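Consider the two complexes below, in which chain A is the common component and chain B and chain C are the respective partners.
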Partner chain A sequence: MANEEERQLLVVIFDVNPVWWGIKSLQGQAQITKCLDCLLVFVNSYLMLRHDNKLAIIASHSTKSVFLYPAQESNQSPDPSKASTSDQAGGDCRYEHFAKVDDSVTDKFKELMRDGCEKNDIRRDSLIAGSMAIALCYIHRMQIESHGNTKLNARILVIKAADDAASQYMSFMNVIFAAQKERVVVDACILGQDSGLLQQACDMTSGMYLKVPHQDAFLQYLLTAFLTEAELRKESLVLAQSSRPREVDYRAACFCHRSLVDIGFVCSVCLSIFCQFSPICSTCETAFKPPVQASKSRKKRRALPANGT
Partner chain B sequence: MEEQGEDKAYRWEGDYEKTWEALKEDETGSLQASIEAEINKAKKRRLQQRQRNVRLGMMRHLYVVVDLSQAMCDQDLKPNRAVAVLKALEIFSEKFFDQNPISQLGFVSTCAKRAEVLSDMSGSLQKHIKVLQDLGQKIIKTNAKHCTGEPSLQNSLELCAKSLKHMPSHTSKEILVVMGSLTTCDPGSIHDTITQIAKQSIRCSVIGLSAEVHICKYLAKSTKGTFGIILDESHFADLLTDHVPPPAEISPESSLIKMGFPHHVSPHESGKISLCMSRNTFTVGGYFCPQCQAKYSELPVQCVICALTLVSAPHLARSYHHFFPLPMFKEQEVPVGSLTCYSCCKPITTATYVCEQCAISFCMDCNAFIHETLHSCPGCIISTNHVHTTTNGVV
Partner chain C sequence: TAMSAEQIQLLISQVRHKKRDGSLYLMSERLAWCPEGRDHFDVSHLYSDIKCQKVSPEGKAKIQLQIILLNESSFVFHFSNTNTAEGKSDREKVKTLLAQMLPKFRRTIDKELEEKNKLLQQDSELFQTYKDLVVSGVISPEEFWNSHSSVRKLSSSKQNLIAQKVGVSAGFLAEVRPQSDGCNGLRYNLTSDTIHSIFSTYPAVKRKYLENVPDKLTEKDFWTMFFQSHYFHRDRTAQSSSKDLFADCVKKDEQDILSLLSLGVKDKFNDLTYLEDGDSAQDEGYGNTLNEPLPGTAKPSASQIAHKNIIKRFNHQNAMILSTSLRFFNFTNFVTQEKDGNGVTETDGEVVIKKARLKDATTYSDLESPHSSNEAMLNIQKNERYKHGPTLVCQAHQELNNDNVREGMRIISSQCENYKPRLSQVLKPSNAANALKELSSGMSSSSQTSENAIQHILSQTQQDELKQLYASLSELLRHFWTCFPANTTFLQEKVNRMCHSIETFQQTRLRVFQDQLRRSMVHANVTEHLDDMISAAFAKFNSWQSKKTRR
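So, the complex of A and B:
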């Protein structure tokens, strides 16, 4: 499989937006606990592939991003031997690593749901950009810690449920560029509606974008599409074809009407995009010269005397 | 030597600097902590020099003049100066196009009293890297046989100025001269050339490899550029990196530039073959200019048929972080109980950095990563949703 000196790091970002999951469970279409179980089976399969595969799971709520695994021991001094014996105290025949992951995820998830959120914090969108930023910081830390010994292949799998938030565009683009620079592959598994931002992210980092048609087969989609690492996907006939999305819309939206433009006018000072010429830029309030035709004739007049002499 | 004003004394005129006292050993006799402290201090100093609320030249046309004369065969940079400079310029080109995706770069070389264009002004990184690599290989193979004669500063400046004259006025025109020789052989008066360049508001900067030459310093000062002499290879890389972020705008021209956002057709979708204007072959799939429907294989590019600049929205978005630079985090002592970093869950031991907007603490590595690569504070992104204030989250 992978080269002997390379290691894998998978960071899963699970969208736990309470509004979306609540609506879906009332409609009887999806249950967050079932999806969490599927996620745990997928994560266990990933850990079974190689003994040194590394993992992190982040839950993305509408007001906070929490690490479900590895569990943060903020108030106690880290003592790995004590923690593992208490986990094994149950005495069930589970593989110790799986037991640690499963218990940590379920405990932290219950804590997150129990904390709840206040009335003003209930939103329809989730903090995907924030969770991805935290994931990149974690990947950066892991890369520093394994530097010199082994090369770390990192990827982020985003399981998204809620819709996109337009207010996160700037931070999302910053995160995508940082992921591109760090050579981190971003994969997306969409449970709800199509997400333009994640389509761009997957295209720019050469990851896989998949919208799940049937939620009952969620685990099957996870195991088929997202278990293999990025470099090996081109060897598979099925995955190589579907890894690039059909048409990613990279057109820009004009700042005045928020409509997509094919040809736009860009302010040279602040790079804001407009669909038609306006004498003053609304963002940076720079005044502009009259449109192109006047300056073209000026250039022609200036060029002629030079040719004459 | 560092850049010095006219009134500051030269290094040998000042007092002794006891630089060995800056390094201190800790209990185990290791210098690691004080070395890290020095590196962090230098990083902080570099980041703080960025001015805020200054108009930046986002669309840049930069010519790099490389001296390939006899003095570049000197071996104080390994394997010789010419090859080391070309390698450093490859890394510089990558960083340049990463931070300035809609800008263009060109290379000019000067040797044997002449100047010639190595690589035309274009926005294609691959082309420039190929030219630089081929030239480097050629120099290594022939053992720098054709690096002869003396450079000509005036000829190279005039060549660049002639080409930059045709560029639109709203772009930022720059020349970066990498000079290894202490002499220059010019056909006319270089002061006339310098006045002409200053009048065209072209910013010239010089990086010297050997010693300070008065005419280079005068050139940099009259055109509001920077002048530096390298100490060693890493200092050379640092001086080059200083030219990567967009400089403060000196010319007041600004205009609305018409740009096209082409539609991408993937090869799997339509099997139709059409002529690709950037490669001059027939290919399937590509970007179609919205004005004249000419096809190109990569962006950003200037359409050769209708002269429309073609970019995609991420290219413009890549430059947005220059407008909202992330403020420096405040450094604080680690509190008595141990703290974990918010973003990487590592227990913090050395120093903690607190963002003033969202009051979240980060460790030293995350602080460097956030400021150099991410350009957004994770705490602010998360609390933006919470509090609805504009930080780095909302356009």
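So, the complex of A and C:
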């Protein structure tokens, strides 16, 4: 089992892009509330594994990232209506920790979605990179707060719904490198389309990338694949197999067209990538000689006198 | 073996071997031992097989002689004559006779051959390849050894035989510690190393030695005089009696010292006489005291003279020792470089060097402030190119201001408004089972040991045979491919030969193996790769030949 002196910290990033979820609801394929239920059960199971397992849940909206748990202290006086529900919850013999988590998530989620479905919130993508950055900061803070007595084993689970956005590429890559440096494992559970960025993230931090085909069994996927921490997954025959490195698309983009290239030209001065040769690098204005193509012509030239004599 | 009709040169009885009595026979070509009462030899070795002999030390009770053969085995003979003197003389006789006979029969073993044999013995893979290729006649031994990297190690090690010489120890004379031999005399132990050191340090002594020994003086006398001379005694001063061999050496040494002095100190940084300002070199602490008159004015006392002599001899000896190493590397031109007066006039180059040395000695790099290194600035015109990633292909181009979108958001809004977690109705068992099945299906698709693994197809011997084939074929192919481009006639001949060898290999070893496999019902084509390599070689050979005939 895990090292006695190690504690686990799981940060779940839940993609709540209203546009995507709205369309899916309309098509009857998915429902955000059901998904949230599954997530809560999953999180409860995680907390049940060890008494000192730590948890954080971040909702990644199209315009902001919000901590669903642990809830940030608000300066407002507690709403009496809210107080009654929590009292009610406290009185129903749930495990207190679960109750705390569930209630916090529910309240914050409702708050977010109440204010978050406006017109200016309509975007195709969610702020995943931003949420991951917040998660990494939280992890870092937790590591410092644990005073180095116990090692903190942190991982991030991204439940992604909406598609990738090209505008987030740079931030995303930086976040991935930071996670790699901090030895934070990034796992991904994809509800929508495949995400190249998250594939790269999982590959580089040795996490697990899983695409969920349909959401009826979403909880089962979560429980099977993501309940255990990264090191233990190696012991499982099933999980070790399925998280084998698939073909992750690591291709770089050329600077001229922003399209992915396999083989290209790189300026040796400024390291910018081009798909075609140009005598002057447009980024740093260095002049280059065109590549020599002498070998073929030389062979022809050599063959000629042989035939001639 | 029956008794040969060779001539018996020496017969010693009462020789024990392996705790049995018997007699030792030394014939004209061999050495043999026959146990008591038998008529055939138990042990018999040709002189040419014997590498060397050894005897037990003088003081030991057992009188033994050991012969060591070329193949490192040894045999011990014990001379068990009850009369120890006779036993010893017997052994001496055997030893002298062997010492005479062995050199006659000694086979001049080529050292290289020995090394090659050792290499083959040590590296079993090499040996196997050697057996496969050379013994079966596919390739000649020289070619085999020529291209093997291990042989290159052999030849390179020969080049390093120019051993590095150890220099002369500064205290070599002190190591010759005299021991008193009881009655008022002293015993000096001279080793050849000491003698070598003395000769290289004092060439004058060497000259005297060559002149006088062995005609005029015996070695013993020479060394006795040496130890009585000033070289070894600090208090002996120059005595002009001609009996003393080394008297003129003293004078010569004085001249040497003077010439060394006049050479001066080459390095200006080490030259104390340069410190003339303020006469600091003449101050107290440099060998002068305030009360004493300046050197050169008053007559020095006897003790002062003795001290001066000692120091002079120290310096002289050190200079001689240092010059041994210089002499060895032919640096004499360096030492006898011209000294122009006191070196007042310096060249520009020397000044620069001096400044550099001063700077070097007075600055510490880590005490300085960190330098901003002169880097070339990168001139980038379009910075923002680095800030964007690729345009991702999977962009669904849907209108964002769709009615669907707004409708969906409304639905979401209402759902979340009325959200109450119902955590017990989240998962249906059938769905869970399906999901588990899908996740576990990853396991069966790639099993650890697939059915096509080589361990399942071939037996261990067959696998070993296959490995051997690969090793030998790779060796042949390497010889073949390194011949190209075939510029010289030697290479062209080699190409032909190699092609031939590969053909033979294919016919003899490969086909045999393939037949074996077929007979043992192995249907998988494990030798496909070998065939491919061979056909590639043949194709190259054909194209090369056709090119050759075309020219």
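Assume the second predicted complex is superposed on the first by the 254 of 309 C-alpha atoms of A that agree within 3 Å, B and C clash if a C-alpha of one lies under 4 Å from a C-alpha of the other, contacts with A are read in each partner's own complex, and residues count from 1 in each chain.
Definition applied: a residue touches a chain if its C-beta (ideal position, glycine included) is under 8 Å from a C-beta of that chain, and two chains touch if they have at least 3 such contacts.
Quantities reported herein were computed from a predicted structural model and do not represent experimental measurements.
Superposition of the two structures on chain A shows chain C clashing with chain B.
Legend: residue contacts after superposition of the two complexes on their common chain; A:193 is shown touching chain C, with no touch to chain B. Contacts of A:102 after superposition on the shared chain: chain C is touched, whereas chain B is not. When the two complexes are overlaid on their common chain A, residue A:163 makes contact with chain C while staying clear of chain B.
Of the two partner chains placed around the shared chain by superposition, chain B is the only one that A:134 touches, whereas chain C remains out of contact.
Contacts of A:248 after superposition: chain B is touched, whereas chain C is not reached.
By the touch criterion defined above, A:51 reaches neither chain B nor chain C. Within the superposed three-chain model, A:113 lies in touch with chain C and out of touch with chain B [touch as defined at top].
Of the two partner chains placed by the overlay, only chain C lies in contact with A:258; chain B stays clear of it.
Of the two partner chains placed around the shared chain by superposition, chain B is the only one that A:63 touches, whereas chain C remains out of contact.
Among the options 45-53, 333-341 or 369-377, the segment of chain C that ends up inside chain B in the superposed model is 369-377. On chain A, the surface patch touched by chain B in one complex and by chain C in the other comprises residues 121, 123, 165, 167, 169-170, 173, 241, 251-253, 269-270.
Listed in rising order, the residues of chain A touching chain C in the complex are 18-19, 21-26, 31-34, 36-38, 40-41, 44, 102, 106, 109-110, 113-114, 117, 121-124, 163-167, 169-170, 172-173, 193-194, 196, 213, 216-217, 219-221, 224-225, 237-238, 241-242, 251-253, 255, 258-260, 269-270, 272, 282-285, 306. Chain contact summary for the complex, chain A toward chain B: residues 62-65, 67, 70, 72-75, 77-78, 121, 123, 125, 127, 129-130, 133-134, 136-138, 140-141, 144, 165, 167-171, 173-178, 181-182, 200, 204, 241, 244, 246-248, 250-253, 261-271, 273-274, 277-278, 281, 286, 288-289, 292.
The touching residues of chain C, when paired with chain A in their complex, are 378-382, 385-396, 400-401, 404-405, 407-413, 415-417, 419-423, 425-428, 431-432, 434-436, 438-440, 442-443, 445-446, 550-551.
Note for the complex: chain B touches chain A at residues 55, 58-59, 98, 170-171, 249, 254-266, 268-269, 290-291, 308, 312-314, 316-321, 323-324, 337-347, 362, 365-366, 369-370, 373-376, 378, 381-382, 384-386, 392-395.
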